[in-house]
Amino acid sequence: MLETRNLDKSFGAVHVTRNVSLKLERGERRVILGPNGAGKTTLFNQLVGELTPDSGSVHLAGEDVTALPVAKRARRGLSRSYQKNTLFDGLTVEENLGLAAAVHTGHATQLWSDSLAKPEVREIVDEVANQVNLMPYIHAKVSEISYGVRRQLEVGVALATRPLVLLMDEPTSGVGPEMSKGFHDLLNNLPRDLTMLIIEHDMDLAFDVADTITVLNYGEVVFDGLPEAARGSKLLKEIYLGSWEDA
Amino acid sequence: MFRHNALRYAVLALLAAGALFQALTAEYFGLEILTEILILAMLVLALDIVAGFGGMVSLCHGALMGVGAYTYAILSTKAGIAPPVAMAGSIALTGVAAWVIGAICSRSHGIYFIMATLAFGQMAYSYVFEAPIFGGDDGLGGISRLDLSFIGVDLNDSRSFALFCLALLAAIYVASVLILRSGLGRSLSGVMHNEQRMRALGLTVWRVKADVFGLSGMIAGLAGALAAQHILYISPGLLSWTVSGEALVVVILGGLGTLVGPLVGAAAFVVLKHELSAVTTYWHLVVGVILIAVVMSRANGVFGWFESRWGDRIERRMADATRKQQSEEVLTDA
Amino acid sequence: MKRATLAALGLATSFAMPAAAEDIKVGLLLPFSGVYAALGNEIEAGFNLALEQFGDETDATFEIIREDTEVKPPVALGKAKKLILQDDVDVIAGIVSSGVLGAVRDMVHGAGVPLIVANAGNDEATGADCSPFITRMSFSNSQVNRPMGTWMHEQGIGKVYTLAPDYAAGHQMIDAFTASFTAAGGEVVGQEFTPFQKTQDFGPYLAQAKASGADAVYVFYAGGEAISFVKQYDSFGLKAELPLYGSGFLTSPLYVNAEGPAAEGVITALHYVPTIDSTANAVFADAFTAANGRVPSEFAVQGYDAARALIEATKTGASDRASLANALRNVKFEGPRGTLSIDPATNNVIQPIYVYETVAGEDTLTQKVLAQLPAEADPVNGCEMAPVSN
Amino acid sequence: MAHDLGFWTLQALNALQLSMLLFLLSIGLTVIFGLMHFVNLAHGSLYALGAYFAASLAAVGGYWMGFFLAPVAVAGVGVLLYSGLIKRMRKSGPMAQVLVTFGLIFAMLDLTRIFWGDLALGIEVPALLDGRLAFLGVEYPTYRLFIIALGLAIFAALAFVLARTQIGAMIRAGVDNDAMAACLGINVERLFFMVFCFGCALAGLAGAVAAPLLSVTPDMGLQILIPTLIVIVIGGLGSLKGAVSGSLIYGFVQTFGAVLAPQLASVLIYALLAAVLVIKPVGLFPAKG
C-alpha cells in the first residue's frame, strides 16, 4: 500500500534520512520507533511531500507519487496527523472534521452550498466523531476542549479525509499514560483495512497497536520486523532506551 | 467562517435604515456622500473577504476597482458597447485579473503578499497612467450611467442612483455572506487558520485563494463600474496604492473579519474626510493620528472594540444556552 | 445623453436662480493639498490681491467659497458639484491641473456656470472641448511654446533634442514647439518623454541628449521635476556645450531659487515674467512682494488676472451665471502681462509671450527679458460655441 | 542606437548612483525588518524629513552641517517614534504595523507641509564636490561619484560590522532567532532600539544626500517608498546581501530600461518584482531560509 525505495535526504552536512526502504501492506499497522533526532518526522514529511527527498522514491497503492505535491498525495489517500496540534482553533470540533471531510467529498471548493450541510460530509463527520470519541464535544470550539481531546481531534481530522494510509506523528505526545492507553484502544478499534504508520515514543505502548515495528537511528533503518523480535533485540535496547532515558 | 450575532444584526439594521433614510430624504450633496459611502462599502467588503477571512492582506484592491472603472468606461464609451454589457464585462475582466493575481501571489505570505499585491496594483496604475487610450494623467470622461428606464427608473437622478447602489450593496453583502458560508468560504477560513494542514488534507490551496481573490475582484470591479458611473469621470488616481491603503484602513478601523465593521468604517471614513477637509487642508494629519490611535488601542477596529465589549456578553449568553442544550443531549445519549 | 444627464440631475440652466443683484458668489476651486498645493496658494494670493486693488471699481461684492481639489479629478468634480448645487455659486474660478479641468468641464458647461480658468493649459479646453461658459485667463500649452520654435530658429539654432514628462501637457507643449521649429526649417534630432512624476534621475536621458548631436535642448518640466532637471543638467556640465531652452515653467520664479546657480543662462519663454517693464506690472509685483515676501510668479498673475476679469465683467452689470459668462468673453484690459483680451472663437486669452533668460541678480536670481513676441490667437482647433442666451 | 562605450559607461554610473541611493534607504528598512519583524512604511517619510532637515541646516551652516546633522536629527525623530509607538507595536502583527506606519505617512506628510510649506526647496552641491571628474573615460559629476563612493563605503562598513564585530554578531543572532539571542544574554530591547535609530539615521542621510540632486518636496517620501519596498522585496528581507543586490537590480533595470525600452520603463520593474516573487516567494537572499 505504501512503499519507499532508498529514500535519502540531507540538510547540508546533516544526513537525516539514509537509504530508507519500507513496505506496508494493506491494513498493516506499523510503528516507527527511534530516539529524538532519529529522522522519524523528517521521514513523514518526505512521505507526504512536505519535503522532497534528495533521492529515492515514494509509492502509494502501486503508484510513484514522489513528484506529486502534498495535496495531490493527500487526495490519493495519504493522510497525516502532526506531533504538535495543527487544528483550526477558532472553529468547532464539527467544523474541524467537516473541513477535512469536505475536501474528501469534493465540497471544499464549492461556492453554491455549505459543505457542512451536505449529507455526505455530515455522514463522515458523525462517523469519525464516533470513531475517535468526539461526539460529546462536537459543538465545542477547539479552544474550549482539553489537550487530550485535542489530540483525539488531531487524529480525527486526518481520518476525516477517509485515507487509505494514515500517518500519525506521536498521537499520544504529551498526554498521560492513562489516556495513552485509551488512545491505543481507540486506534485498535479503527477499521482493519486502514493502513497505519505511527511514530511512537513509548515502546510499551507501541506494542499495543503494532503489527510490525521499524526502528530508525540516525536516519537509518536499524530494525524491521515483528514486535516480538523487537522486544528481544539487544541492539534496539541499546540505541533506543539509552536516549529514551534522557527524554 | 462568518457568523452573524445579535449585535451584527442590530448594526446592519441600523445601517440599512440610516442609508435608506438618507437616500430618501437627503439633498443633492448628501446623496453624493451617501453614494460615495456605498461604493466604498462595496470595495471594503471585497477587501474584508480576502483579508479578514483569508489572511490575504491586499494592497491592490484600489487598483482592481480602477480596472473595473476603466473597463466600464472604455467599453461603454470607446467600444460603444451597451452599458449593461459593459458592466458585466468590467466585472468579469476584473474578476479574471484578480484571479490571476491571487494565483500568482498565493505562495507569498505576510509582508511578501502585501508587497506582491502592491506590485501588481502599481503595475496596473503605471500602465493606465501612461497608455494614451486611457487618457493618461488627465483621465477619461463622457461616461454614461446604466439605463433602467424600462423598469421606470432613471439612474441619472442622484436619488435613484443612490438607491440603486444601496440595493446592489445589499445584494453584495448577502453574496459575501453566502460565499463565506459556502464550502469554498469554509476552506478559506481553514487556509487562514492553518494552511499547511489544509494542504495535508488534500486541498489545492492556491486554487481556493485564487478563486476567492477572483470573487473579491468581481465585487471590486462592480464597485469600480459604479464609481465610474457615479462620478462620470475617472482618472488614474483611482488605481493609486494609497486608495488601496485607505480601503485597508477602513477595513481595519471598522473591524477586520466582521463584514459589518468595515461598513461602519466606510461611512465613518467618508463623513470624517468630508467634514475635515471642509475645515482644514491638513486633514491627512488628523486621519493619520486617528488611525495610529485606533491601532495602538489594540482593539479590532471601532466595531471590533464595541463587539468585544458588548457582543461577547450576548455571544456568551447564547453559547451558554446551546451548551446547556448539548449537555442535556449527551446525558440522554448516555 | 450628456444633456439629458444634466437636466435630470436638476442642473439645467433654467434651474439656476439668479443671485441677489450685485452680491456675487465665487467658488475658488484650487488644489490646497497634493503636489500642486504651492500653485493653488500662489493663485489664491494673486486672486485676493486683485480683489483688494480693483474691488472698488465695481458695485458688486464678492463672497468667496474656497474648495480644495487635492489635484484629484474625481474629488474636484465632487467639489464643483457642491459649489454649483449646494452653494449655488455664480461663477467658479481656479483649476490648476488639466485633468481636473477635463473632469469639471461637462459639469460647468451643462449647468451653465461660468468658469474662469486660472491655470490648466490643455489645448482642448479652448479647442475641441471649448464652452461658452469656460474662459481661460491663463495660457494654452501650445500658445506658450509655439512662438519659441520660430524664435530659436531665428537665433541660428538648427538641431534640437526635446525632453518632457510623458503626459498630455508634456506632449502638447513639445508638439507645438516642434511644429513651429520644423516649419521654420529646424530639425528635431531626438525626443524623449520621461515617466511623469516618477522620474527623479534624469541622468539616463541627459546622456542620450548629449549623444544626439543636437545644438540645443528644449524641454518642458514644472515644479519638483523642473528643479531636479535643471540641477542635474548643470551637474553633467551640459549647459556650456548644449544650451538649455524650454517652456518658461522650467525656471518659474516660484522654483528658480531652489534651482540656484544651475538655472543661470537658461533661456525660456512664458506669458509672464516678474521683470516686465510696465506700470501695471510694477503695481502688481510691488504689492505682491510686499504682501507675500516673494516675487510673483506666472501663477500669481493668472490668479490676479482671473479676479480682474471677473471684476471687469461685473462692471458691465452682469451678475447672474449667463450674463457673467457673456461678459467674461468680452473683457479686455491692460494688466501686468500687457494687453489681455479674449479670443471670441475659443475663449482663450490672447497675450504676448516673453522670452527671458535667468540671470544672477543682486542676491537672488532674476529674469532678463530678451524679447517680447507678439500676441497671437490659437488656431480654433475644432472649437464651436453657441452664444449664451439669457 | 549608435552609442559609444562612453555612453554606456555613463549609464552604468547613473545606474550605480541610483542603486547606492536606494541602498542607503533600503538597508535600514531591511535590517529593522529582519531584526524586529517590523514593517516601517514611514521609512520614506524619514528620508523626506532628512532632506528637509538638511535643507534647513544647509541654509544656516552650509551643506556639510546638513550632511552631518540631518541624520542625527532624523535619528532623534527615530528615538521619539521608537519610544512612543514602535516599542508598543512590536508584538502586533504585520497588519497593525503597516497601518500605524501608514498613519505616520499621512501625519508626517502634513507636518512637513506645516513646517516647511508646500513650496519645493533646493540646496546647492558643496564647493568641494561641485563640477565633474574624468572617470573611466567619461566626465561624470563629482557629486554623483560621491554618492556612489558613500554607498560603497557604508556597504563595506556594514559588511565589516555585521561579520566581524561583537555588535554584528549580536544583530545576526537576533535576526536568526531573537528568543535565542535573549537567552544568550543579549539585551534584545536595547539592540532593537539602536538598530532602529541607526536605520532612521541612514534614511536621514539618504535624504540629505539626495537633496542637492533632486528637489525637496513634501511628497518625496511617498515617491521613494515604493522603489525602496521593491528593492527589499526583490532582495529578500533582512539581509545586507539582499538590500545591495535588490538596489543594484533596481538601479540597473530602471536606468537601462529608460534607455532601451522607454515605453516599458515604469512597468518593467513591477513585472520583474512579480517574476521574482513567483519564482522565489521570499525574495532572492532572505535572511532566513
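Residue numbering begins at 1 within each chain, and the chains themselves are lettered A, B, C and D in the order written.
What we mean here is this: contacts are C-beta pairs under 8 Å (C-beta built on N, C-alpha and C of every residue); 3 or more make two chains touch, one makes a residue touch a chain.
Protein names from UniProt, one per chain: A = ABC transporter ATP-binding protein; B, D = Branched-chain amino acid ABC transporter permease; C = ABC transporter substrate-binding protein.
Remember, predicted model here, so these are calculated numbers, not experimental data.
Contact with both chain A and chain D is made by B. For the pair chain B and chain C, the distance between mean C-alpha positions equals 39 Å.
Per-chain CA centroids place chain B at a distance of 33 Å from chain D.
Mean C-alpha positions place chain C and chain D at a centre distance of 37 Å. Shared contact sites, meaning residues of chain D that touch two or more other chains, fall at 113, 266. Residue positions of chain C touching 2 or more other chains: 33, 37, 195, 198. Multi-chain contact residues of chain B (touching two or more other chains): 126, 129-130, 282, 284.
Viewed as a network of touching protein chains, the structure does not reduce to a path, ring, star or complete graph. Per the contact rule defined earlier, chains pair up in contact as A-B, B-C, B-D, C-D.
Of all residues in chain C, those touching chain D in their complex are 33, 35, 37-38, 41, 192-195, 197-201, 203-205, 207-208, 211, 223-228, 231-232, 235-237, 254-255, 257-261. Considering their complex, residues 1, 179, 181-184, 186-187, 189-190, 193-194, 196-205, 207-208, 211, 215, 322-323, 326, 330, 333 of chain B touch chain A. Against chain C, in their complex, chain B makes its touches with residues 27-29, 32, 36, 126, 129-130, 135-139, 141-142, 144-145, 154, 156-158, 227, 231-235, 237-238, 277, 281-284. Of all the residues in chain A, the ones that touch chain B in their complex are 48, 50, 69-72, 74-75, 79-80, 82, 86-91, 95, 98-100, 102-104, 107-116, 118, 135-136, 138-140, 157-158, 161.
Within the complex, the chain D residues that touch chain C are 3-4, 7, 10-11, 13-14, 17-18, 113, 117-122, 124-125, 131-132, 139, 141, 143-144, 212-217, 219-220, 223-224, 254-256, 258-259, 262, 265-266.
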